[in-house]
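Two complexes, one shared chain (subunit A), two partners (subunit B, subunit C).
Then we have the complex of A and B:
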């Protein structure tokens, strides 16, 4: 036990004496958390709209004023040529074109049915989908209003009406920050933890100091435990600090039991740190270790379900995702913090992490050889 | 000049003989692109829903059918009581709950009105918002279809999705992944290569050699220009052949812009290495400081226009943002240099600034 304590002491000294590392470990992630949380939103505001109104009737103007009144749209430009509007889109100056054809009003009154065109810049598929949904909603609204204004027919309209109301549970205002703070915090802690541990042993290999440890009586388990514990403490501390900041600055809800969060975090960090040590033992240079960690980190992050939903991935990818520790922990964070889930709700994710931790720790210890 | 080439050759050998790094360097972009191209979509598909349907009549069944056959939703379970909705959400098995009011069809027939409640799990607001929109859209369509003959004055939207008709997620990810990989690989690899010489002490040997400092730096960086460029080509080829991401503009321009961007990232790497002395710090700076901002502040996943203005200002200081918009513009919109010259100038500007700063910081003497 004393041996482990000595290694822990050595590692701590190494971290805290490195003046350049300290701000990177402690300040940078917090700054990033505060800044980046604001960036992660799909909420659409100010969609830049170009209007091509060839009809210039009261009906077409009514429709345009509906768009003007909507908080989602911002009319950038009116023109009389579709070609010109499309040119603006090509230049990336507008996101959507509303094209009202000539004879719009007449056709509506005579033929009872008319088309307007929405042309959406769809390079970002998700935004385009939302943009289209909002526009359709505005149009349907306007359509209903026209019908209502025409008294003679409004009496007979919609004999059967299904009213849909929606409610958003756990986050009625759809505040993206409450969702992103825990998520991004986990990402940051993961990045720091994986890098610190991933670089650790391989650095000693590269500099040659590993030889000195190899000839000491320290055994494998003591060595790995001594290497893991300091980073584990740093990461837990960072998580706690980030959560408190999230509570203070963004007022994120904490519905569930915080112990549940920290116990899961403890297990999760074992997974990540052992993973880092495993990388460290199988690579020869820091460069390699870094590339490997980078690869796994990007895969873990983008498949974690934080930015895109897991259900829409193909089945094989969802199966593959079972190997992604980040996915489990982000789910646990979200469930406990936002929905107040109890241990029964998260138990399957929790046990998955426990098994993962046990497996990968064994692998790391087994793979580490006390030879150069 | 001969000395310089000898040095470059040495660097090439260094890299090529380290077959592991080489494998990772080329395997990594390919695997990631393949993985993400198939896996990551912003579209909603197979979201799990629970339905509470106390009346179980013709109309509710028809609506449920419509919703379940849309491809967006699959039925996870039927609730026997409304209060189960909370449990289902907390257990995390469903994203959306649909609640019909009792005697649905009867009420619709008699009073002309019936209620459906759609409850979204907004602990993930992005998904919840989209799901609720889709579900209410489907119900609305059904409503229109049962009333269709009686509805006068219809305005029908005709939607055209420009540049990406099928709303494929890959179209976003190819430019984004390219920017991310090129930034990280180029900036990281160079900063590590140079700090490694410092750490191992071999930098001293180089500095006392007849090579000038500028030559040493260029010599160290040169192979990475080459490697990163190959990576860029791999990404474009896979994107095109496997996922059908078109290159509508000039291929030559695309490659030239990539090369320019690689130079920018490399000069950033040089700058990082000139202000740090250990690989660990160089790497932490490049990864911790660069990774999340390149993902989040570049328009890769989240559109920049939606961010608060202060963040937008920050986005304008991120080189990847410009590269991503250049790439999108050339590949997807088929634009020429006339459309992207401003962004190109900005990238050139960044390169110059980083280079000038690192030349000023560069020390011929160590420690």
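Then we have the complex of A and C:
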């Protein structure tokens, strides 16, 4: 036991003596949290709109003013030539064109039905979808307004009976920051944990100290425990630090029990640190270890449900994702923090992590052989 | 104690197609200072790694202190000190932290075994707060030796401890080894420097994974079977080339500013050699008979193996 404690002490000493390490542990998370949470949002604001109004009637102006009033749109340009607007889009100056044809108002009054055209820049599919959805919403709203105002139309057209109304549970204002912070925290803890542990033993291999350790009577359980505990402590601390920042800066909700978060994190970190250890045992240089960790990290992060929803992935990817520890922990974090879930709600994910941890730790310890 | 400190029987280790150790057998009695001399790649490090339980032999057996290196590796590790050829302490920890670390791993403290390392450690103690990475080569060796000794091992394995260390530090280092030996520690040391061989009780000449000879330095010299001469000339390379073509010669090797040449006993004719050299246009500065040094003996033995 004394040996383990001393190895832990030595690891801490080495981590804190490394000048590059302290900023990585303390400054990096703050920067990352602030940048990622503010930058990685799905909301689209200030969509640049070009309006081609060939009608110039009060109805067409009313529609335009609706777009003007929306926080999502910013009218960049009015023009009377569709080609000019198209040109602007070609040069990337506008994201969307609203094309109101000549005789818009007249047709509406006579035929009760008229078409306007939206042209959306769909290079980024996700944002194009949002542009379209916002525009449709504004249009529907205006539609209703016209029906109400214009009796000649309302007399002939049946009022719409079914109206869809939305209510967003657990995140009523659809605040993306609230949604992102827990996920980004998981990312942070994962990066720190995986890199620290992945680099560590391979570093001892590289500088040759493992040779000196191997001829000592210390056994591998002691050695591994002594090696991983410091990183486990650092990562847990990192999570606590990140949660406090999230509360202070972004005022994220903490509906559930924080203990549940930390207990899950404790198990989750076993998975990540053992994963790092496994990488460390199968590689021979820090460079190799870095590349291998990076590979897994990118796959895990992109498939974690942090940026894209897992439910929209193909079936095989969803099955594959069962092997992604990040997915489980991000779910636990979001469920507990945003929804206030209790242990029963998260138990499936929790036990998955426990099994994962046991499996991968066994594998890593087995792979790490003291006798070469 | 009855069993020898180290006992090796038919030890063979194979890396793929290469025979790193080829059927080695030898015993090392307690308290001996045994030197392993041989060129790079001879198998010295591999042998040490087997004896320190880091490698498992392909065939044969090795015992350290009567314990088998494969079966009882854990007990062996408590009783040996190993200093690998490459400096392998924590460069980012200080001298004292390194020593404390290894003491703790072995379940002891610096104070408990201070007597043993006092001689060596006292020389680097003034720098105990300096990081190991910032020490000079000689000081690094002393620290590594202190760390290998801190748990009071009965047998010490030193793999090329003096490689890359200056001549003064090398001499100091050997003096320390002698003192440790007097303190009843068995020492196995490997070195590529032949001049260090005379400082050992016995030397083992190792080449291509085989031990060619294992005996005392005096015996090595005494059993040298040739007449040896030293020749000087301005053009050492030309002289060497000419001598190697000379019929009847056994060997010719450059030794600094001279060439050592050996003949079978009583086959040397000075006049004939001088005539031969004159014909080649070389004016030797003088030929004299000399006594063989241990280096001459090793060159000879290694040449035989290659031939």
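In this section, the second predicted complex is superposed on the first by the 360 of 372 C-alpha atoms of A that agree within 3 Å, B and C clash if a C-alpha of one lies under 4 Å from a C-alpha of the other, contacts with A are read in each partner's own complex, and residues count from 1 in each chain.
FYI, contacts are C-beta pairs under 8 Å (C-beta built on N, C-alpha and C of every residue); 3 or more make two chains touch, one makes a residue touch a chain.
In this text the structure is predicted, and so the values were computed from the model without any measurement.
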| item | value |
| --- | --- |
| Fit-or-clash call for subunit B and subunit C when the two complexes are aligned on subunit A | fit |
| Greater subunit A contact set [subunit C / subunit B] | B |
| Touching partner for A:10 - first (subunit B), second (subunit C), both, neither | second |
| Touched partner set for A:207, first subunit B, second subunit C, both or neither | both |
| Subunit B versus subunit C as contact partner of A:287, first or second or both or neither | first |
| Which superposed partner A:139 touches (first subunit B, second subunit C, both, neither) | first |
| First (subunit B), second (subunit C), both or neither touched by A:1 | neither |
| First (subunit B), second (subunit C), both or neither touched by A:217 | second |
| Subunit B versus subunit C as contact partner of A:39, first or second or both or neither | first |
| Smallest distance from any CA atom of subunit C to any CA atom of subunit B, in Å, after fitting | 10 |
| Subunit C-contacting residues of subunit A that also contact subunit B | 18, 207 |
| Residues of subunit A touching subunit C in the complex | 2-3, 6-7, 10, 13-14, 17-18, 207-219, 371-372 |
| Touching residues (chain side subunit A, partner subunit B) in the complex | 18, 20-21, 24-25, 28-29, 32, 35-36, 38-48, 63, 89-92, 95, 108-109, 112-130, 132-133, 135-136, 139-140, 142-143, 146-147, 150, 153, 156-172, 174-176, 179, 184, 187-188, 191-192, 195, 199, 203, 206-207, 283-288, 290-292, 294-295, 297-299, 301-303, 307-309, 311-314, 317, 331, 334-335, 338-342, 344-346 |
| Subunit A partner contacts - residues on subunit B that touch it in the complex | 18, 20-21, 24-25, 28, 31-32, 35-36, 38-48, 63, 85-86, 89-92, 95, 108-109, 112-130, 132-133, 135-137, 139-140, 142-143, 146-147, 150-165, 167-169, 171-172, 180, 184, 188-189, 192-193, 196, 199-200, 276, 278-281, 283-285, 287-289, 291-293, 295-297, 301-303, 305-308, 311, 314-315, 325, 328-329, 332-333, 335, 339 |
| In the complex with subunit A, residue positions of subunit C that touch it | 49, 52-56, 73-74, 77-78, 80, 82, 84, 86-93, 97, 100-102, 104-107, 147 |
